[in-house]
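In order of appearance the chains are A, B, C, D and E, and numbering begins at 1 in each one.
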Amino acid sequence: MSVLRGLGVAAGLCAIWQLLVWVTAAPKFILPGPLLVLDALGSNSGLLLEHAGVTLAEILLGLLFGVLLGLGSALTLIWFRRLRPWLLPVLVVSQSIPVFALAPVLMLWLGYGMASKVAMATLIIYFPVTAACYDGLRHTSSGWLELARTLGADRRSLLLQIRLPAALPALGSGLRVAASVAPIGAVVGEWVGSSTGLGYLMLHANARMQVDLMFAALLVLAVMAVGLYFLIDRLLKRLMPWQPETLFDNDNDKESLA
Amino acid sequence: ADKVTLLLDWFINPDHGPLIIAQQKGYFAEQDLEVEMQEPADPSMPPKLVAAGKADMAVSYQPQLHVQVDQGLPLTRVGTLVATPLNSLVVLESSGIESVKDLEGKKVGYSVGGFEDTLLKAMLGQQNLTLEDVELVNVNWSLSPSLIAGKVDAVIGAFRNFELNQLDIEGHPARAFYVEEQGVPAYDELVLVVNNAERENPKYGRFMTALEKATQYIVNHPDEAWESFKGYKKDLDSELNRRAWADTLSRFALRPAALDEARYQRVGAFMQAQGLTKTNPDVASYAIAPK
Amino acid sequence: MPAVCIRNASLAWQGRSLFSDLDLDLPAGQWTCLLGQSGVGKSSLLRLLAGLTEGMQARARIETDDGRPLTGRIAWMAQQDLLLPWLCVLDNVLLGPRLRQGRPACEQREQARYLLSQVGLSGLEARFPAALSGGQRQRVALARMLMEDKPLVLMDEPFSALDAVTRLRLQDLAAHLLADRTVLLITHDPLEALRLGHRVLVLQGHPARLTDPIVPAGATPRAVDQPQVLALQGQLLRQLTEAPA
Amino acid sequence: MSVLRGLGVAAGLCAIWQLLVWVTAAPKFILPGPLLVLDALGSNSGLLLEHAGVTLAEILLGLLFGVLLGLGSALTLIWFRRLRPWLLPVLVVSQSIPVFALAPVLMLWLGYGMASKVAMATLIIYFPVTAACYDGLRHTSSGWLELARTLGADRRSLLLQIRLPAALPALGSGLRVAASVAPIGAVVGEWVGSSTGLGYLMLHANARMQVDLMFAALLVLAVMAVGLYFLIDRLLKRLMPWQPETLFDNDNDKESLA
Amino acid sequence: MPAVCIRNASLAWQGRSLFSDLDLDLPAGQWTCLLGQSGVGKSSLLRLLAGLTEGMQARARIETDDGRPLTGRIAWMAQQDLLLPWLCVLDNVLLGPRLRQGRPACEQREQARYLLSQVGLSGLEARFPAALSGGQRQRVALARMLMEDKPLVLMDEPFSALDAVTRLRLQDLAAHLLADRTVLLITHDPLEALRLGHRVLVLQGHPARLTDPIVPAGATPRAVDQPQVLALQGQLLRQLTEAPA
């Protein structure tokens, strides 16, 4: 996606936002207009940057651990078929517990520092990644697996060279969802307890009715999330040269049949 | 120096004045204390963490302390920060609600602290109303906005030194009904609690000494104290905090360590009568005046 | 090269039996060609030999004359090309080495290039399979199998998507490269079977049985206009039509 | 999955839970043991049931709307290729805003009733569903599409009979993730403002230090989420008879190659 | 039935041109058989005719003698079977009616069953494609194409996965059912082309050109042991080998 189009979209979104403010006549302590927020962004840029750094670190670490853990779990499920009927329900149950209900427990164990937020982000992306990886890895065409077996592939190369590439599109979907929920984990973690980070800043600003600052923080968070998303999209495109179509690839888009 | 990790109840605000001043002016250091403060966003967490031994001291609320002790948390009050209730029932001046009686059939928003519905019940009881006569809505972090937006007619759980000013700044002057004038026994809004196992630790006595000195400084030099307070952290210097500071000055406990056992017993009895606690134990089991 | 005997083989898919008590001999170093009606169970038999019995109910005693099990000594070319879409043509041919040792050695790359040129795909090494024609895909799969240096070779209609000329060339190539291997080749083309096979068998009927082998004389690949081949073709076609549809 | 195995897994989880309590020596006001929680569950069953009903309704409605909206958006993206480069960034941006940061705003617009929670649940599952649907619909094998075109298929039947069935596995993944995050949306909504629901109950219990009751509510929520998940799994299995493997299907599992 | 003329056709994949300025006539109601080396561009030409030019750079003037465009008047059988894995065999055969009208009519179901029995798949109606052999899949695809009642029929190696006997039977079936259609059939089997085609063409070279048509005499399907067919086979094979590899 070209920079120009990005700017166009951003401008369009701001316009819609402003329109929303006008139409709903929302008071500024509920929904401040984009100008107000941009103003707050400018005058608090140092503060925002500082907190954004912390949150970004939490998100990235959470993503890293979440993806590693998720991939690991998916592999465990794939490899140890016997464990599957026992592990899967555990997974589903663990997912169905709202992570942030456990936040206090996490705080207790990991303290108020960064660790607990990273843990939150990790936990929140763990399930989507696991589910996507597992689904992707499971549906490898059995013909390829059979072929690989006759070619003398061991488990490792079967995984690395057949299952993983075959699952890449599914993993990609999972990763994209993960990238878009990881910020939620970090921010919720910060809400429950911290003295830095954008989540903290938002809550703080909200409590003081500095809604413009809160939305400025939200904006920074959104920008970070979008950046992350596009980065991952790029990465996936690199990894899948045989499948030219990624989310934002329209120039050599193969299908116009629909 | 003795380390004290202190968990506040909420973000730093003028309610924490003496703590900040003691830190800023070096009164803690004078007492050979090294105090580290943390700001959580969930007020129910700090007492739990102290009870679990994960922090030394927490800022909590007296009514909550009764509940916590009743639930078996090993906590002891060792000092008071704000010696009067701050909690109040707030309505907009434009709402036409002149007395608690007018609440009948109205919507009341509250932020779940665990205690607000009880306060309201007591206040309504004075007017021969019950909780059935109002509609309670949890609005959590949006006390003022929900009031301004007209989603509720009144809010309970608003702090008189804070929300009143906030609403005024937003151009919606409001009126407060003070809980202690409406049938609720007076209590200490903010208390300092430590783990039972640590209650005899002499460092808490020194802590209160530093706090007392800080309070005296605030009362004697309110403007210099404000300057010092707002210098503690970047974003403290706001119109709201300035106004809240002025309204909080008179509410700090002048003798932080002092314990009015009879008053605690009274509040305990009230809590028990309201069904919030099962027993009303001996005050000495959960509150001391440290030496 | 081992001789392989299958004894008492029985096979069913989801309870529908294809054959039972089937015996098959693959003499050492010889090509055995297998014909038979579509759906009679040729590919399934090949899978049984390759040990790919997932999903089927299969039972058989498989013996080799050197006494060692077949595991790891089989090269299998399936009826579908099974190319990996994320690997270029060259890497698809190198799939075996890639899977076994990660990085193919230099001479393996050379060998792969050589095989690709032999199957007429020079210059297409860097393409992805999606950009190949049906016959080109099949030739890549053939080259991939030829990369494997295994004593027992199982091929399931390896030339079915090729034009007559290319087909003849690749038959010669395979006959040359796999001259001393024990080979089982499935084909629908009687001439192909008679050209390449030391023994030609037909699988037919329900439950399926193997006919007595036709054993053409002379070295393979035979010329197709030999009178012997033409005579045997008649016999073979008769065998093929004998079975009730 | 047999009922027996379900019970086994539940018992195992309780054992792990109890073990965790013992090992970490967590005090009961932070992490109560399973017996305490079951006790609270028993003695508050009426209360829990009542609130659970509300939350369940919110979740189901949220799921319904979220899936419909997500599917609709995915279809829009598939059909109107021209809109894609503009709509996709908007989608990503919209997702990157933590929904519950907007919760207070939603509450103020939609009131403290059920609508705002349904909106939360809807919003929170909107993106995963959209992304999964879009990815699934987009990757239909072009051969099938071409064939269908020569067979004279119009857009509608192309969608209903080719694209949708081909995308079902991907849709299934999306739906499973949705089912597991929808409760989060509803509960956060209830936290931010409500007077009923399990989230409300949890908040209350937490404030009153009735941690056992809070965990009991959590348990009910988890049970609901697991139930939902399995229901959807069943449904997907019904919808995909040609693909016998769903998450919990192990009896006639086709692959043991890995 | 329309006669179709392709004039000035040119076609390239990713900038690699296959042919340009190619002319092809499909006389009305006749079968035209197309042979040619693997990868020469036969399938691509068929796609061009079917209007499936996605991803290729194609240009051509396509004329019909009745003046109406070809859209909607083509039945296409691709080189791959393209069976939908989520539909049973019967529903795959009924795909056209399903796509056009949602629910196939009763007589269409009858027709599908009849075609399935004709291609030798009675009793397999309820199976999913995953449980079919390669030849069975191809026969389902054939039946699906035969369900379509279109004046112009394009077939890409429709019998390549079938045994000799079944192949002959299905050739007869197709010749019978599509007797009066304008047909373009791609095959690698010279005998098949000579048996079924009113005109037999070879596409060859780079850029690819069409040879002059061979026009066997007599009604189709011809007997393959006719002396004329055998003579023409020699000629055809010479044409096929002429082109440089």
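Definition applied: a contact is a pair of C-beta atoms (placed from the backbone, for glycine too) under 8 Å apart; a residue touches a chain by one contact, two chains touch by 3 or more.
Predicted model only: the values in this text are computed from it and were never measured.
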item	value
Least step count from subunit B to subunit C, where 1 means the two chains touch	2
Chain pair with the higher count of C-beta pairs in contact (A-B, B-D)	B-D
Chain centre separation (subunit A, subunit B; CA means) in Å	38
Geometric centre distance via CA averages, subunit E-subunit A, whole Å	49
Centre-to-centre distance between subunit E and subunit C (centres being mean Cα positions), rounded to whole Å	27
Subunit B, residues touching no fewer than two other chains	48, 52, 141, 145, 149
Set of subunit D residues in contact with two or more other chains	26, 30, 104, 108, 142, 146, 149, 158, 206, 254-257
Residue list for subunit C, restricted to those that touch at least two other chains	54, 80
Subunit D to subunit B touching residues, read off their complex	26-30, 104, 107-108, 111-112, 191-195, 200, 203-204, 206-211
Subunit A residues touching subunit D - in the complex, by the definition given at the top	1, 5-6, 8-9, 12-13, 24, 26, 30-31, 78-79, 81, 84-86, 88-90, 92-93, 95-101, 104-105, 108-109, 127-128, 131-132, 134-135, 138-140, 142, 145-146, 149, 155, 158-159, 163, 169-170, 172-174, 176-177, 180-181, 183-184, 187-188, 202, 206, 214, 218, 221-226, 229-230, 245, 247-248, 250, 253-258
Of all residues in subunit E, those that touch subunit C in their complex	13-14, 35-39, 43-44, 79-80, 120, 131-136, 138-139, 157, 160-167, 169, 188-190, 237, 240-241, 245
Interface residues, subunit E side, partner subunit D - complex	47, 50-52, 54, 72, 74-76, 78, 80, 82, 84-87, 95-96, 98-100, 102, 128, 130, 148
Residues of subunit D defined as touching subunit E within the complex	142-144, 146-154, 157-158, 161-162, 165-166, 168, 240-243
